[in-house]
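Structure below; questions to follow.
In this document, chain identifiers A, B and C correspond to the written order of the chains, with residue numbering beginning at 1 in each.
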Amino acid sequence: MNAIIPLVLDTLSSAALIFFAAVGLTLVFNVLRVLNVAHGSFYSIGAYVAASICAFIVSRHLNPYLSFVALLFSAALVAVVLGPLIESTLIRWTYGKSEAVQILITFGLFLILEDLQRMVFGVQSFYEDTPMRLMGSSSIGGVVYLNYQMFLVAMAVIVVFGLRLLIKHSRLGRLVTAVVADREMAQSIGVDTNKIFIFAFSLGVFLAALGGALAVPTSGVAPGLGADTMVLAFAVAAIGGLGQIEGAALAALIVALARVLAIYFVPSLDAVAPYAAMLIVLLVRPYGLFGAITTRRI
Amino acid sequence: MRAILLIVAILAIVAAPMAAPWLQFVLTMAVAKGLAALGVAVLLRAGMISIGHAMFVAASAYGVAFLARAGIADFGLLLVLSVVITGLAGAVVGAFLIRYRAIFFAMLNLAVSMVFYALFAKLYGVTGGTDGMTIPVPTVFGIVLSEPTFKAVLFYGSVALMVVVGLAVHRYLDSPLGHALSAVHTNEVRLEYLGVPVWAVLLVAYVVSAVLAGLGGAIAGFAIGRVVPDFAFWTASGHLVLVAVLGGIGGVPGAFIGAFFLELLHTEAAAFTDAWNLIVGAALIGVIMFLPKGLYGLLTRSEVSAK
Amino acid sequence: MKFKTALSAFALVGCLGAAMPAFAQDKPASLGLGIFTFTSGPAAAYGMPGKNAADLMIDQINAAGGIGGVKIAPTYVDEAQGAQGVITEYRRLAAEPKNQVMLAALSSANCLALAPIAEQLEVPTVGWNCDTHQLLQDGKSKYVFRPNGNTVPEFVAYAVYLLAKKPDVKTVAIINPDYAFGHDAAKIFKAALHALKPDIQIVAELFPKLGSPNYQTEISRLTTARPDVVFSNLWGADLENFVRQAQPRGLFTSSQVILALGETVLQRVSLPDGVIVGVLGDGWWMSPDAAANPETKKFAEAYKAKFGEYPVFPSIKMANTILYVKAAYESAMKKNGGKWPSRAELAEAMKGSTVTTLTGKSVTRADNDGLVDQIVGVTVKSPTQSFPVIGDMVRYKGDALMPKEGQDPIAWISTLKPEFAASLPKPGSYK
């Protein structure tokens, strides 16, 4: 039994991080039907901004608990600045165009954002672990865990239920659902689809940036984070079924479990495990666990 | 008119390294990337975008490395065998993937390529892990060559190969099989009503694209002298699509125009800016929005107006 | 078309053949130096101190008139761009005659990739940091040198030190980066432990990808294995991340930790006392030998003034490597009457040389590998510095821990006996 506890806790805590990497991607696809290849860049930008703000708080000897606020604030900042700007210039142009065009436009955006990050934040690693140290650690089943790791799990659960609440039970959410179901019909009854799209895209950016911000206290941020996050996000989104938020949560658990089991029992395959899990799931269910089969275009 | 232009361009490529020897490596890599991008372009004709084709580039380069380790030393044999292996890999992966369209095709290619990538990177005992494997200087027709001589042979061989393969792919795209490919894009169901087996059309295209990527990978491997897992990383696949689209998927020369343009520009740009990705990303978006036929489209358009 | 291609190929081959021989030349306007290091990404935490030291050392040499009156003009290449880009840049730099020497590279992977090219292009190439023993193992290198020595003495030293310090160690866990350096080090460290104390068990062996930001699951795995000792040769930002994540989770209290490259993070993260650390050589700027050398003190103070921290051992390795190149130029010029040497003459001068560095001596063997002493110790609080320093030190002689030229290193290690370890100096003997 004792051997199981660390497996479970490690799986949960890495699943939380993995879930945050993917949930924004899948949400944006759900509403806009655009696979945003630049998603990983929003994640790393969120991480850079959070690290910078936290470092500022520490250097000015402000109340260190402000750093928790900073994590949320930086994600919101990134979403408000970049979300509407990018949606209304680049992403909107791709609606109704082929997937190839959408992927290429966002890939171009990815390349631009990667270089912009290097110009703004430099090429060194950033690290700011104040929030992690503030929360301390606890010994569970003979292994010491950071309370921050458990905080991440709680945050992930909050996001899953929060998004559910937002989409299923709020007016805004119902409008989004209406647009997803039938864009033209929604338009014809007076829904401002442009606003819905801006909101949905910005929410996706927010979730990505939040994921990056929340990862900073334990993992730091360095160039290349965006590209690595992107593939992980793809894997999780694909396993869960593109556009399925609960699917992404389950997929994050599967990917995390695969990786944790690999590290415990076949460490030489740790990096292969997530992708192997993805391949196996997709071989059995090509459209993902929760994904619906779409018909071929006629 | 266009044919003359292309011949002049090829002669210029052949002559360039005599004026600037360091260009030889850059141009060899441009041919390699052009071949791989041509593979991606073939699939794009059917509206299918693969962000995983770098796996075939890597598979072929690793094929060369493994075969060389197993004692095969002949250039031609290494090239042919590794490309055949890649073609077979393409047939296996393709048989599974061509059932899917659009976003799912793109993502499944990505999924498979990342499995390749992770395996290349993690099997340290077999593949050398992230250090990669050495690709030694092979013999050519039994003759042991010095490194510079081999690189010259490789360069001129690659240019010749580019011409031959380019013509062959041109013929293929102009054949019923090739036209069926574009028809998949416009109206797949009608194609089936006409009795054309779509899966066969796509499988052939997928294998062709894998073989082209494999050719590129083998040449790149020989030119660099080493193969590393990064060959298969998803951004490498993204760049192949980028090269194809930048050049234009309207004709065979597009992929090569894209590759030569990018490689030469990169060499120049590296001297005064490191915002290379920004430039390329912006160029990509610009081309898609304003030049849907790519750089090659500029050429063909001017020809139309000349008529 | 084909005929034409074949013809031009012949013509080109002819040209290249005629251009090959290189002669001693007049002094050039400047000496081009290609310097390969990580200037971006997680590895830059280790690579930038190398670049900083190169900048400073080159400034100092140029201010004193350069090498034989020729100023050094460095070109830096970022190794973070991967093997393909590094090789392309190497070829480009080598094609320019003014670039006579390459200091390449930091990463073992890049050294292994560049070595065959260096031999083919006949460019003297000095590995300033990479230490995989695979690099010069065949003994045939003419142009590749490594004054800093290799993984074998570096990691045998840790095994010897550990057993001297904690003779009753039973279980060991390893976490190293997943490439040549990490795997080589694990192999050597394990072989040395097994030879010197056969009942030692390896209870976990992890090889996370180089550049991984998150080690939480690995730390859980290490903790559950309950090893007496955790050994790691993680480096750069990876090492900083690992320490920051492992320390609050109690790994440093539950096990004796060995951080082979721990000295590089002393000034950046707060390591507890008693962690076994070292410098993979003798490049500790506060060692007794270094403290006795006024040049070294001057360098360290100038470094601190310019970059805000003291030179960590990658800085010292880089500085020593530049001194090594300078010494080779001076001896080559002495030999041919003050004329500027060709690339081949320079390589010739490096062969078998003995060079006094900032922190000791570097002796180049017949296989072009360097012999340098190995300093190992544990972290202790410092009376003079705000960060922990290395105490309870030992300095093993370079040739004592190195197999002979051409000998298989793992086979050599397995012949070591406990008596061999007993014959070496003890922890605390170097002060």
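Simple rule for what comes next: a residue touches a chain if its C-beta (ideal position, glycine included) is under 8 Å from a C-beta of that chain, and two chains touch if they have at least 3 such contacts.
Since we're looking at a predicted model, the values are computed, not measured.
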Third chains touching both subunit C and subunit B: A
Chain pair with the most C-beta contacts: A-B
For subunit B paired with subunit C, centre-to-centre distance based on mean C-alpha positions, whole Å: 37
Intercentroid distance (Cα basis), subunit C paired with subunit A, Å: 38
Distance between the centres, which are taken as Cα means, of subunit B and subunit A, whole angstrom: 32
Multi-chain contact residues (two or more partners), subunit B: 121-122, 124
Interface hub residues of subunit A, defined as touching at least two other chains: 118, 268, 270-271
Overlap residues in subunit C, where contacts from two or more other chains coincide: 178, 207, 209
Subunit A to subunit C touching residues, read off their complex: 3, 6, 9-10, 13-14, 17, 118, 123-125, 127, 129, 132-133, 136-137, 139, 142-146, 149, 215, 218-225, 259-260, 263-264, 267-268, 270-271
Sites on subunit C touched by subunit A in the complex: 39-42, 44-45, 48, 80, 178, 204-209, 211, 213-214, 216-218, 220-221, 223-224, 237, 240-241, 244-245, 248-250
Residues on subunit A engaged by subunit B in the complex (per definition of touch): 35, 37, 90, 93, 98-101, 103-105, 107-112, 114-116, 118-119, 227, 230-231, 234-235, 238, 242, 268-272, 274-276, 278-279, 282-283, 286-287, 294, 296-298
Touching residues on subunit B, where the partner in the complex is subunit A: 44, 47-49, 51, 96, 99-104, 106-108, 110-112, 114-115, 117-119, 121-124, 187-189, 233-235, 238, 241-242, 245, 274-278, 280-285, 288-289
Partner subunit B, residues of subunit C touching it in the complex: 1-2, 4-6, 8-9, 11-13, 15-16, 82-84, 87-88, 91-92, 95, 108-109, 112-113, 116-117, 120-121, 178-180, 183, 207, 209-210
